[in-house]
Amino acid sequence: MTMLATLLTATPLVATSLAATPLGGALLAATPPSDATAPLWLTLIKVFTVFGITMTLVPMLVLAERRVSAWMQYRVGPNRVGPGGSLQPLADLVKMLFKEELRPDGVPPFIFTAAPAIAAICALSMMAVVPFGGTLEVGGRSIPMVVADTDIGVLVVLALSSIGVYGITLGGWASNSKYSLLGGLRSSAQMISYELSLGISLLGVLVVSGNFESGSFRLSDVIEYQATTGIWNALRLPLGFVLFTIAAFAETNRLPFDLPEAEPELVGGYHTEYSSMRFGLFFLGEYAAMVAGSSVIVCLFLGGWHCPWLTTEVTVGWTGALLQMSVFLAKVLAFLFFFIHVRWTLPRLRYDQLMTLGWKWMLPLSLLNLLWAGAHAALGWF
Amino acid sequence: MNLVAALLLALPLTMAAVIGLLHRRLTTKQAGVLAFAMTATCFGLAVAAFTHLRGLPVDERFVEATFWRWIELGGADGGAVDGAATRLALDVGVWLDPLSVTWALFVTGVGSLIFLYSISYMAHEQGGARYFAYLCLFLFSMLTLVLGSNLVLTFLGWEGVGLCSYLLIGFEYGKETAAQAGRKAFLLNRIGDIGFLIGMFWTWKLFGTLGHGEMKPLMAGALAAGAVIPPLLALSYFVGACGKSAQLPLFVWLPDAMAGPTPVSALIHAATMVTAGVYLLCRLSPLFAAAAWALDVVAWTGAATALFAGLIALRQRDIKRVLAYSTVSQLGYMFLACGLGAFASGAFHVVTHAFFKALLFLGSGAVIHALHGEQDLWKMGGLKHHLPKTAFAMRIGAFALAGIAPFAGFFSKDEILGVAFAQAYAGDRSRWVLWGMGVLTAALTAFYTARMITLCFDGESRLDPHAHAHPHEAPPAMAIPLQILAVLSLAGGIALGFEALHWMPLHHWLEPVLAPAPDLQLSSALTWGLMTLAFLIAVLAWRIGAKWYSGDFAAARAAELSLPRLARVLAGRFFVDEIYGGLIVRPLRFCAELALEFDQRVVDGLFRGIGTAAVLLGTAVRIVQNGVIHSYAFWVLAGTVTLLAVALS
Amino acid sequence: MVPQAWYLIVSALLFGLGIVGFVTRRNSLVMFMSVELMLNAANLVFVAGARDHFPARGTACALFVIAVAAAEVAVGLAMVLALFRLKKSVQADDVRELRA
Amino acid sequence: MHDLLLALLILGPLAVAIVLALLPKLAPEPARIVTLLATIVTFCASLPLLSTDLGGGMTHELDLPWIATFGIRFHLGVDGISAPLVVLTTLLMPLVVLASYGHVHDRVKQYCVLLLAMEAGMIGVFAALDLVLFYVFFEMSLVPLYLLIGVFGGARRAYAALKFFLFTVAGSLPLLLAILWLVQKGGSADFAALRTLARTLTPHEQGWLFAAFAAAFCVKVPLVPLHTWLPDAHVEAPTGGSVILAGVTLKMGTYGLLRFCLPLFPQATTQAVPLLLALAVIGILYGALLAWAQGDLKKIIAYSSVSHLGFVVLGLFSLQSTAASGAVLQMINHGLSTGALFLLIGMIYERAHTRQLIEFGGLARTMPRFAFCLVLATLSSIGVPGLNGFIGEFLILIGTWQTHPVAASLAALGVLLGAIYMLGLVKGLLFGPLVHPKSATWRDLNSRELLLLTPLFVLMVAIGFAPQPLLRRIEPPVERMLEAPRLLLETPPPPPPRDAEIPR
Amino acid sequence: MLSERTAFLVFSAIALIGAANVVTRKNPVHAALWLVGSFLGVAGLFLTLGAGLLGAIQVMVYAGAIMVLFLFVILLLNLDVTEGDGLSFARGASFLAAIATLALVALPFAQSRELRAAATPDHAAPDASAGNVADLLFTRYALPFEVVSLLLLIAMVGAIHLARRPRRDESV
């Protein structure tokens, strides 16, 4: 009975979060400035493609994390479920679904429940503006290979990432536990601090990529620029790249910035009191944010779907689209590996170190980067 | 002549500056010799000026020497416009005419004798060089007063002599009385000066000039100006003259001024400075002559002062004070003469008075010097044995003062009384009173002079035997001036004028300058008779005085103390000082204190009240600032609603 | 297109709600939030008013409002924090130090 | 038309002040020496100003556009009225700096900066020919003095400084309004242009404007009953502050009255003459009485200033050129004599640390130099002939007598009262027995102190005996200032215009 | 697709309901969350007005930064939920005044025929895209832009100064 009840409460949440991505994408697609010529069915197809890929990636990522950590620690890791442990995430999912849903006393039920959903939704929705390929010219149509082809794409990424912090903060607060509260607080402070560097480093990219001249903040334009010039922005803005990456680590609460959930200090931080599928959603959100973050970094700095030897003449039609998608996916996966690798390499920062790094190093450096980018654009360097 | 004139002013000033700057380096004697040399030179210059003027025709006996332009305002097209003058042009220059030269002669002449006397008198004083610097400055001021070519320069000298008097009286800084007396002298003089100033303002308005030379013809024209303005104008000058010449009611400073060194008293308060008032009257005599009833005021004031001061002198114990009041009294005679229109007679008395009063002062100085500062007549007596020469000289001076023929004072005083008698005889009854007062004063003068001489030199010695064992004669430098002055006191009168013999050189000399005296010739017999009467009265009064005091001193003292009330009134000098204090000084001081209270409480209080009102207003409005943010919000909203309602309606 | 008046009415309502919140609440944080509501209402007027003729300007003005609001919030919250340290309370009624 | 001398005179001290202020740490002595040199150079540079136009016109003019929109110009120039005042200012400054050796030991640099800033302001006031510029300088000279009193003053300095400031500002705000009104009306703030404009003003407007101008200047003069700030300010100010306050600042008031009130608002002036003459006479007598009742040396001099400035106002508003020329001369005389008196009192205060008259006595024997200087300054102050004070007072009184004999007579009483309290001061300080237990140990004036007094005394005597070189320069411009009101006095008022007649 | 009118209604409803709840919720955290909702609603309204850029910024700055800061402060202070009961006179009076203001502001909008009329947009006008807005900011509004940046700097310094603890406490 308990199991059933759990399922019944968890399901709407999952359903909500799953629906979130298409809803957001559709909304954005409906906005007047974008070319709203794309019919609904096309949008739906794109939504499910992106959603599917992401939702496939997340369990794979969980497994990869465990395997990579094992590899780095000279042990085997999960290898019993399925070939080479490949079905392990599925087993975890099942386990989570059937665990008892605990809700502490004196907790506001709605917020307690909504918090993990917010975290997951925001992470997933970010994928809506990430172009996973160029423009597909088929049947007289040119289909941009992105769910919501809006000219404020970059801003949407930033907006969603800043909304995402509510999930953790509220989760911490709603748990009615001091560890959780502290985790929530840390999270909000951390997110605000690093969002600045994130945003300003991103500005540098927009400056060098000529977005301010065109007035469009589409990620696809950034990629287009890198593709046409053949030089990735990571080369133009090495400092910005590093800064953005570090900020992205902080935004996703990954080590070395995982203070909100730091086990030794806060037991589990904001998710101490969470169990079952609610916890699962936090889990999902974190990994989805990793995927989204990697995708954005790839788009901004590493050329997106662009591959040096795959010129636009080659990548035409369906095959071309698939090729671009593969390139993009490969880059994202590589970056995800980097994410995992870092987690098991670096120690955690102390809180004051975190703040010092964020305000006294990252912020000035990102301003420097912006200056560099400005010089870059103004003087017409490569 | 320009050079002579310039040197007459420049020498004393230069010497004052030189001695003043070097007063630490110079000994008293060096300074004195320098100063004396300068004064003697000045006297020589004055004589030169005199001979020069003598050489000119009678109607042209004047020289104007201009040095530089002092003040010139109002542009070239001067003169009076619509009854108000616009052009003010004043030069620094000298105006030499018989009147000014006469004054210059006796000022420098008597002055040089006093300077000579001072060398020895001040030899033991500290800061003697500074004293001589002041004396030189005084001489400069006096000469400027007399010789200045316009009224403003005269005023400069006028104030200058007052200032020097202030400095010389207060010469002994430590003495509280001296300092007080100096201040008093200056202030009472200043009261007079205001009259002088107002006179000048008015003169300029009427005549458009203040120069002596330019004014002279204009003053006669003032006759036509009406019955009010000329007398009032003359009276403003008269107020100034009263202050300087110590007439009622401004005379109180002069006796107090005796606090200064004795030569100063001789120079300033007998011979020169106090005669400045008479000089002014003479200088403006045409104006006064035109100012009908103003002259009467002068005459009555003079007579009253003479009588009043004579009465006070009767009971003074301080030898210098006796002389001081006699000076006031004699100045009264001079004013009486001027008031009767006989300006020349007044000038005559000025000159003789300068001789014998200087003699008396210097002689008393010799006595005081011999007695180491003792000035009380009751503690003297019998000094003729110790100081025979001084006694002899002083006796001559005293006879001259008492008006005993043939000494100098007799002729000048008799002439004044004669004029009064003549006017009375001619039908002006009020003149009988003036004549009577004059005669009475003459008797008083002889009496108190005899008292002074007798108490001082005759009878038994009442000296403190321990303090003054052997008084000795003054050194030659002090004796020589006494002797010269004695000769002058003896012969000065008869040499300058003997009315009965129609020998009047001074009168003729001054004729071109002064307003003519009323032409009332008495018969020769009457003249001689009056002279005899005056002589008899003087001799009689002298005899009574000498008799009274030469006998038993105790009896005389008892007599003096027998009428306690009168004695107190006389000894207390009619309480004039007290009346001044009660009527003017203290009320004024009270006004000042009142003004201070008023200023601090009312005026300043008003402004502080404005400040307090602002604070109170702030306190009242402060209630709105209750710190509750919601009430602020309410007020904002209330305002918004009101504005919106107004805008939308 | 939706008439401007509709937006303006929504804005007025938002603004009114902000005022009501500001004047009826005692928690200074909530009062701040009410102020933010009012600012948002103002932004809405800017953008709605500018929509037909110069949309860019509406956005620019609204941007300024947002920047000012951010500054206001930063200082305001710092003040609330400082105040809380002194008073252990953020109730507006408890702070009456500026009473004259 | 572009003579930079005046601009340099203003900007020079200001520049030195700014440099001094910006130097972070400066020892007292270098600061003082730099200031002394700066002021001496300024004085020397200001001497050519005295070659004024004997026709009464402006010389050394500098006329540059400043705030062109409102017709406000940077217009400087001097004539025979202002040039002597400028030179007086530049002369007093080095003396004040020299005097500061005796009494300013802390914050010397700040003191110097304030002095220099004030000098610039004061020169500006006298040289400005544009009303707005004048107002700027008028206020600019106020603030340093406020600080000078408030920072370097005595025990009640805060009260005194605030009082001084409030009085002056309360007076000058109407002035600002009036100036703005005039500028708005005439489109120019230039003095010459405004004179033309002033002819078109209605009597009503003139009355208001005159009142506003006179308010500012009468507070500064100070005219009774607006004088109560002066004693407090003087008593609390440091010696230098007192000297400048009495020597120059008060003259801004009388200068303003002469320069602006008379020529710009002649009709109102002629109407206000009885009132102002009455106030001047009251000020002369009342100030003298107050001075007599005081026991504090500085207060005596302060109230004597009220009395003396009453003479100046009397001279100006008698509308008689002799008196007005005398009044201008008297401004300078008062600066010299009162300046010297304040310096002397400062010197005695440095020794005695008290200013109560009753605590002194007999100093003539122990301090003869001091005694000589004090007596000389006193004589100058009470107008003894032969010194400068007499010339001024005499000209004022003789001129005033021509038009207002009663006022002149009453004012002449002030001469007597002046002698009473000043001689009381001299007697109390110098004569009689030694009173203060330590007074025998006070050293006489040293050569520095004598040196700084000497120029004042030389000028006192020089002006006393030969004022003509100054009067010759003063008179023509004074005549110009008096032209307009006198014209009104001499011609009967025009018949009222037809429109004013009451219709039947 | 959502019609524009529907979108307007939906977003208005979100904004207003959020705002109403901000005013009425006792718990400041709830109020803050409702405010976030309201902001999102307003952001949506911006979208319907064609100001997508502003909408995104609204979400980023308001919802993402300002409100997080609010929440942070609320959590940091761990406030007591209860708020004093009863309206004081000032608050009561202010409430009435607020209603009056609301009425006075809203009425003329509702009455204005001009404002209710269908709009005639000027298509030649530069739209609210990022480029156009940026042009405006750096040309027409350059001065306010600089002033605002200065204001932000001052606010930042001020906030840091205000929020820092006194040194004595730091050393403890």
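Labels A, B, C, D and E are assigned to the chains in the order they are written; within every chain, residues are numbered from 1.
What we mean here is this: a residue touches a chain if its C-beta (ideal position, glycine included) is under 8 Å from a C-beta of that chain, and two chains touch if they have at least 3 such contacts.
Bear in mind that the values here come from a model prediction, so they are computed numbers and not experimental data.
Note on connectivity: the fewest steps through touching chains from chain A to chain C is 2. Between B-E and B-D, more C-beta contact pairs join the chains of B-D.
In this assembly, the chain whose C-alpha centre lies farthest from chain D is A.
Nearest to the common centre of all protein CA atoms is the CA centroid of chain D. The most distant chain from chain C, with centres taken as the mean of CA atoms, is B.
Taking the mean of the C-alpha atoms as each chain's centre, chain B and chain C sit 92 Å apart. Mean C-alpha position of chain A lies 80 Å from that of chain D.
The geometric centre of chain A is 116 Å away from that of chain B, both derived from CA atoms. Distance from the chain C centre to the chain E centre is 6 Å, each centre being the mean of its Cα atoms. The set of chain D residues touching two or more other chains is empty.
Under the contact definition stated at the top, the residues of chain C that touch 2 or more other chains are 19, 22-23, 26, 93. This structure has the following touching chain pairs: A-E, B-C, B-D, B-E, C-E. Interface residues of chain D, counted against chain B in their complex, comprise 166-167, 224-225, 227-228, 286, 289-290, 292-294, 320-322, 325, 362, 364-365, 375, 379, 384-386, 390-391, 394-395, 397-398, 401-403, 405, 408-409, 412-413, 415-416, 419-420, 423-424, 427, 430-433, 465-468, 471-472, 475. Residues of chain E touching chain A in their complex: 1-2, 7, 29-30, 33, 36, 47, 50, 52-53, 56-57, 59-60, 63-65, 68-69, 71-72, 75-76, 78, 127, 129-132, 134.
Contact residues of chain A toward chain E in the complex are 27, 30-33, 36, 40, 108, 111, 150-152, 155-156, 158-159, 161-163, 165-166, 169-170, 172-173, 181, 184-185, 188-189, 191-192, 195, 212-217.
For chain C in complex with chain B, the residues that touch the partner chain are 19, 22-23, 26, 31, 92-93, 95-100. By the touch criterion stated above, chain C contacts chain E in their complex at residues 1-10, 12-27, 29-30, 32-34, 36-37, 40, 43-44, 47-48, 50-64, 66-75, 77-82, 84-85, 90-91, 93.
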